[in-house]
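In what follows, a structure is listed as structure tokens, so that the remarks can point back to it.
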Amino acid sequence: MSEQTKPATGLETVRLTKSFGGVRAVDEATIAFRDGQINALIGPNGSGKTTFFNCVTGMIKPESGSVLFRGKEITGHPPHRIARGGIGRSFQLCRIFPRMTLLENLLVAVRPTGLRQLLAPSREAGAIERARGLLVRVGLDHLENAEAGAISYGQQKLLELAGVLMSDPDTIMLDEPAGGVNPSLIGRIGSLVRELNAEGKTFLIVEHNMEMVMSLSDHVVVFDRGRPIAEGAPSVVQEDPRVLEAYLGV
Amino acid sequence: MRNASDTEERVGGGVDAPRAGGGFTLPGWSRPAGLAVAVALVLLFPELVPNAYVLSAGVIVASYACTATAWSFMGGFTGYVSLGHAAFFGLGAYGTGILIRDLSLQPFLAWLLSGLIVLVITIPIGIAALRVRGASFVIVSISFVLILLLVFQAWEDFTGGANGLNVPRPFADLYRPDHHRIFFYLFVALLAVMLLTWWVVDRSRFGAGLKAIREDEDKAEALGVPTRDYKLAAYLISATFTAWAGGMYALWFGDLDPIFQFSILLGAYMVLMALLGGVRHLLGPLVGAVVVGTALEYFKLEYGDTQLHLVFTAVLLGVVVLFMPDGVIPAAGALLRRLGPQQSSIREITAEELLERNRAAAAVGGDADGRGGSGVDGSRDGEEDGR
Amino acid sequence: MAKRRRRAVSWAAALSASVLLVTACSGDPRGGDEDVVLIGVSLPLTGDFSEPGKGVQRGYEAWVESVNRDGGLLGRRVELKILDDQSAADRVVQDYEALIALHEVDLVFGPFSTRLVIPSARVAEEYGMLFVEPAGAANEVFEQGFENLFYAAPAIANDHYDHLADHILSLPEDERPQTVAVASMDDPFAQSTAYGLRDRLREGGLEIVVDEEYPPNTTDFSSIAAKINASGADMVVGGTQYQDAVNIIVQLRQLDYQPKLAAFSTAPTNPEFSAAIGSRTEGIVSPTGYTPDAPYPSNVEFVELYREMFGTPPAEDEANAYTTGQVVAAAVEAVGCAEQGECQERLVDWLHENEVETIVGPLSWDGQGRPEGAHLIQQYVDGEIRIVLPGETGEAEFLYPKPEW
Amino acid sequence: MDGTLIFQSLVLGVLLGGLYAILAAGLTLYFGVMRVVMIAHAAFVILAAYLAWWFHDKTGIDPLFSMVFTVPLFFGIGILIQRVLITRLRPATLTMMSVLLTFAIALLIEGLLGLFWSGTQRRVQLSYSGSNFEFFGARIAVVKLIAFGLAVVSLALLFLLLKKTRFGLALRATIQHREAAQLVGIRTDRVAGVGFGLGLATAAVGGTALSLDATIYPSLHWSWIGPLMAIIVVGGLGSIPGTAIAALVLGVGQSLLQVELGTTWAQTVFYVALFVTLMLRPQGFFGGRLAQRF
């Protein structure tokens, strides 16, 4: 397989297609994201970014085309397998378990292996330690026993990110990490992403906040009507006339 | 179970820092002492009753407690409401009877085996029921009872058909009150095993995964929880325990009839009891069974000559679903909290409410995906695809 | 912590509430009245069998009225304690449990419908109570090994059609119906009647061309009717209760099927039967264990009393219930006791050894409680249901072949 | 096997399938607009049949005319159920809790029917209940044909309403993509209410049709809800044409199987079909993906 000879390529899609009621939300999208980078996926509203996300993470079964991770076909795998394969994701409208405490939210992501592990207490010391470490990292450690439904939206976004990190994925897909969050928290999320990237995590971020996208990402893919129309370094993409056209609808 | 001291120490940082626990504390001995008293009351029950009838009613309530707790392994942990658990009850009961009749097995061996057979039968049922999320589970759960009713009525050579099946008594020559006493303890023992299992699952990683499914299945799956396998496992545990409760009932009661073993109403009682007591709590279904079971027995004895009990069950179920879907325990707790000395800021909120709220927040933020929140929808559509 | 406390509190509350409830239903039920013979019975006053259940209730009430007018049992006034079992087996058991253990009745009478008789008879047996019942006619009732059970009617279900079978088989070969279609509800009583006849006719050389069975809750009979019609059977036998017979007949008429002989159990004796099938009743045959016109002295009394109380002549269910009362009363008066305990054993022994005069004639039982008699055959003749067989007691000539419906 | 018997069964199966179709159409409609599995649908069908019987019993007028009252009444009740009860439920647990809620409604109807009219089986007594005519060697009962006609006409009306009217468009949009429908200005809650009303109106029509040639009793709805649920799954949840086809296929299947297997075993055809559908094609055999086609 030729893909395997290019180690730089982590996640890629080939002619990925999904339609809803006759409308093609993702239309033969072929994109390759590079490992170790912060990739951004931008595009106007309704351009199919979230559907693309859902197809990649297995939440939706694509009609045709394939998704490859490190050269291996993962198309149509159930989401939990994709997650276990090393791709973590957040949701556009941040999803956490509101009636669990912050700590419990993280403990869900601990993966049992084997039956004994399955029935072992979820509040096992090692896992708790790890979870507390992550809460410290996202700055929520003082709230570990609060119910997640009661903390602020921005804090929930941080919690969700911590939850994704709990299983130590190589590639992290964030759907609008800055959406609906106040500017100071945006900064915190941004610096976290940068830190994690420095530790070797690959990121794929869907975002509307251009300031964040441009300052954060190494590589930008512009999406319109279900397919990529341009890609490259942020500065290059910014100048691309097709991008302006797509955004302004000229 | 939350660690209270952690809460006390750590809360207090954030602006909106709420606490999982309320403010007041109870002396440390009250819990074990309360439990000991309750256990003693249950164990002494057969000695305290004034006559054999009340004892037999106690056996019935104990069997209800078993079924409601068994139901809750699925309905409580994962939030998947099965209206058809009577199917497993009936299968367990008939299985026990048929094994004794055809293989002349020792009654309790037959009982044990019958539960395991139900476990095996449930595997394909569970796989089919859990193919499509939500709706199909409900449809399959009800259909399963209805189909078994038909089969057990029609397959006369094997099941005795509409004429029913007689299960020989495991303890012959006992006076009826003694028979009741033994079975009261047997049901209580079965219940104890279930509660112990519940306790182990509740604090396990498996249990954490199940509860995550109840809260937000997509999210749980995205975090790597193998949701289908977990749901199936919970379903199997639930079905097997229900079957054992049914088998025990068969040994106690003696006469099986398809119409009454595979009755929708029995399944409805399980749901009502578990929900009323509260499915998030270890003892919730048990409390629900004691309350509803006793009330049912009393109502039927006193006002049996009308269909009022059906109306009563319906209204109660409606009220529980509409006004206290988490059961009386949280509802009573909320009341207690309101009356209590300290106001707490806990808001109980579900994943979807949160999503709504977040959607609003995001909209204010300005940049919600214009395709009408296709993120949420995409995944909803995914449900129908039955991965 | 609060959560725990909340939990503990509500749990304790629930527990104590239920203890209260339990003790509430266990208050002294007898009210200390020693001059009363309290008789417990559970009946399906609601549910699938509520109509016949209410008939049985009226029969019991008529009997109580009659006994009390004559000064009661052993000089004590008779009272009934009736519980509703909603036609449910689990209920009937709890009811008898409550009647015997909680209400401490002196005697029990049987419930309605064979499927409820067996579980309730077991309760009575295990409390050592005499169990005379008006409805459990199917053979399996008597195969359970009950020693305290007696069926208070002339014949068990399998023998209901004996006179009809005798008559058909006595006809010359070329006049007999040659082919028979049988459809029966999957109910012990209905099946026993129909299969009793079916087996006798088969042994007699008739061909059974359709043999269908349907569960009690069936309402769509079109395909059963289609099958019967396609077979072109000369004779149709229905092991039916009430509504299923009506449905089968309507469906058969929709297919324009015209048999030479049509026999249905139970339904044709129902007063609404004629209107329900569009008044095309002529020639339909049914067995009955009772006729209001029977000449036995106590029957004349019963019919009169029943008319006075309810305004209509009694039907079979009412009569069987009344007979139950008569049987128990005979034993009580002869033995001289009516209470729980050792007395019940003596009542049982007495009934095994003696014959009782009743409104359906003299009854006696074999060791398992089977009555040793036969049923009459009635038929709609000139728009009214009349006894036609056996010939010597018949009120009209047996109509064969049956006119079109 | 006998050819006429098979043809007769086929005819009976088609007539029965028509009735199944209209009854299941309502059930699939609720699911389409609200993602609600309406367990009480069959209970409402039986209620309508009771009202038809009662109407005929009291007035002597043909039970068909009871629809003048029951159809608007049920339509109103449907809107009320959706607006007052279903919308109270939390969206997250809607599917599960609505099942319980409608289940409670079903029990309530069953209990009330029992209280008012007792558990006795009832049947409308019509002068033409036994009337029939020949059709290529098979016999067709007039009452069954009327019921079938009623089902076909109301299904056609429903189909036209959904296909040709503005409201129908709004309803289909709501079924296919609720949020998108909201975005283009459709008041989806109102549409869902009317959708519920329509569903319940079909129950009134179906119940009246049923009453012409069936025996009814309060707990009868349980033997209808199972087959109906199986039909909507096989037909593809939310798809009305799929439902209609599935209803006919299964109705005929049941009728033909009855010849060989007897009534009880034949009824299991629904559940076998349900099971096979979920195992092989959970999106249904005739409807395609959820409500994409009408």
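Per-chain residue numbering starts at 1, and chain names A, B, C and D are given in the order in which the chains are listed.
In this section, a contact is a pair of C-beta atoms (placed from the backbone, for glycine too) under 8 Å apart; a residue touches a chain by one contact, two chains touch by 3 or more.
Because the structure is predicted, anything quoted here is derived from the model rather than measured.
J.: Identify the chains adjacent to both subunit A and subunit D in the sense defined at the top.
T.: Touching subunit A and subunit D alike, sorted by label: B.
J.: By count of C-beta pairs in contact, what is the leading chain pair?
T.: Counting C-beta pairs in contact per chain pair, the top pair is A-B.
J.: Going by average Cα coordinates, which chain is farthest removed from subunit D?
T.: Computed centres place A farthest from subunit D.
J.: What whole-number Å value describes the gap between the mean CA coordinates of subunit A and subunit B?
T.: Chain centres of subunit A and subunit B, defined by C-alpha means, are spaced 37 Å apart.
J.: Roughly how far is subunit A from subunit C, going centre to centre by Cα mean, in whole Å?
T.: Distance between chain centres: 72 Å.
J.: Between subunit B and subunit D, tell me the centre distance in angstrom, where each centre is the average of that chain's C-alpha atoms.
T.: 31
J.: Give me the residues of subunit A that touch two or more other chains.
T.: 20
J.: Can you pull out the residues of subunit B that are in contact with at least two other chains?
T.: Residues 2, 21, 150, 153-154, 216, 306-307, 350-351, 353, 355, 370-371, 373-374, 376-377, 381, 385.
J.: Spell out, as numbers or ranges, the residues of subunit C touching 2 or more other chains.
T.: Where subunit C meets two or more other chains at a single residue, that happens at 46, 186, 213, 215, 217.
J.: Using the touch definition from the top, list the residues of subunit B that touch subunit C in their complex.
T.: Where subunit B meets subunit C, its residues are 2, 4, 21-26, 30-31, 34, 38, 41, 49-54, 56-58, 60-61, 150, 153-154, 156, 161-164, 166, 175-177, 179, 253-255, 257, 259-260, 277, 281, 283, 287, 290-291, 294-295, 297-298, 300-302, 304-307, 328-330, 332-333, 336-337, 340, 344.
J.: In their shared complex, at which residues does subunit C touch subunit B?
T.: Of all residues in subunit C, those touching subunit B are 1-15, 17-19, 21-26, 45-46, 83-86, 88-91, 93-95, 97-98, 100-102, 115, 118-119, 122-123, 126-127, 138, 140, 144, 185-188, 213, 215-217.
J.: Show me the residue ranges of subunit D that touch subunit C in the complex, using the header's touch definition.
T.: Touching subunit C from subunit D are residues 2, 4-5, 8-9, 12, 16, 114, 118-121, 123, 125, 127, 129-132, 139, 141, 143-144, 213-217, 219-220, 223, 255, 258-259, 262-264, 266.
J.: In the complex formed with subunit D, which residues of subunit C make contact?
T.: Against subunit D, subunit C makes touches at 46-48, 50-51, 87, 186, 212-215, 217-220, 222-224, 226-227, 229-230, 242-243, 246-247, 250-251, 253-256, 275-276, 278, 280.
J.: Give the list of subunit B residues in touch with subunit A in this complex.
T.: 2-3, 6-7, 10-21, 200-201, 203-209, 211-212, 215-216, 218-228, 345-351, 353-355, 357-359, 361-371, 373-379, 381-382, 385, 387
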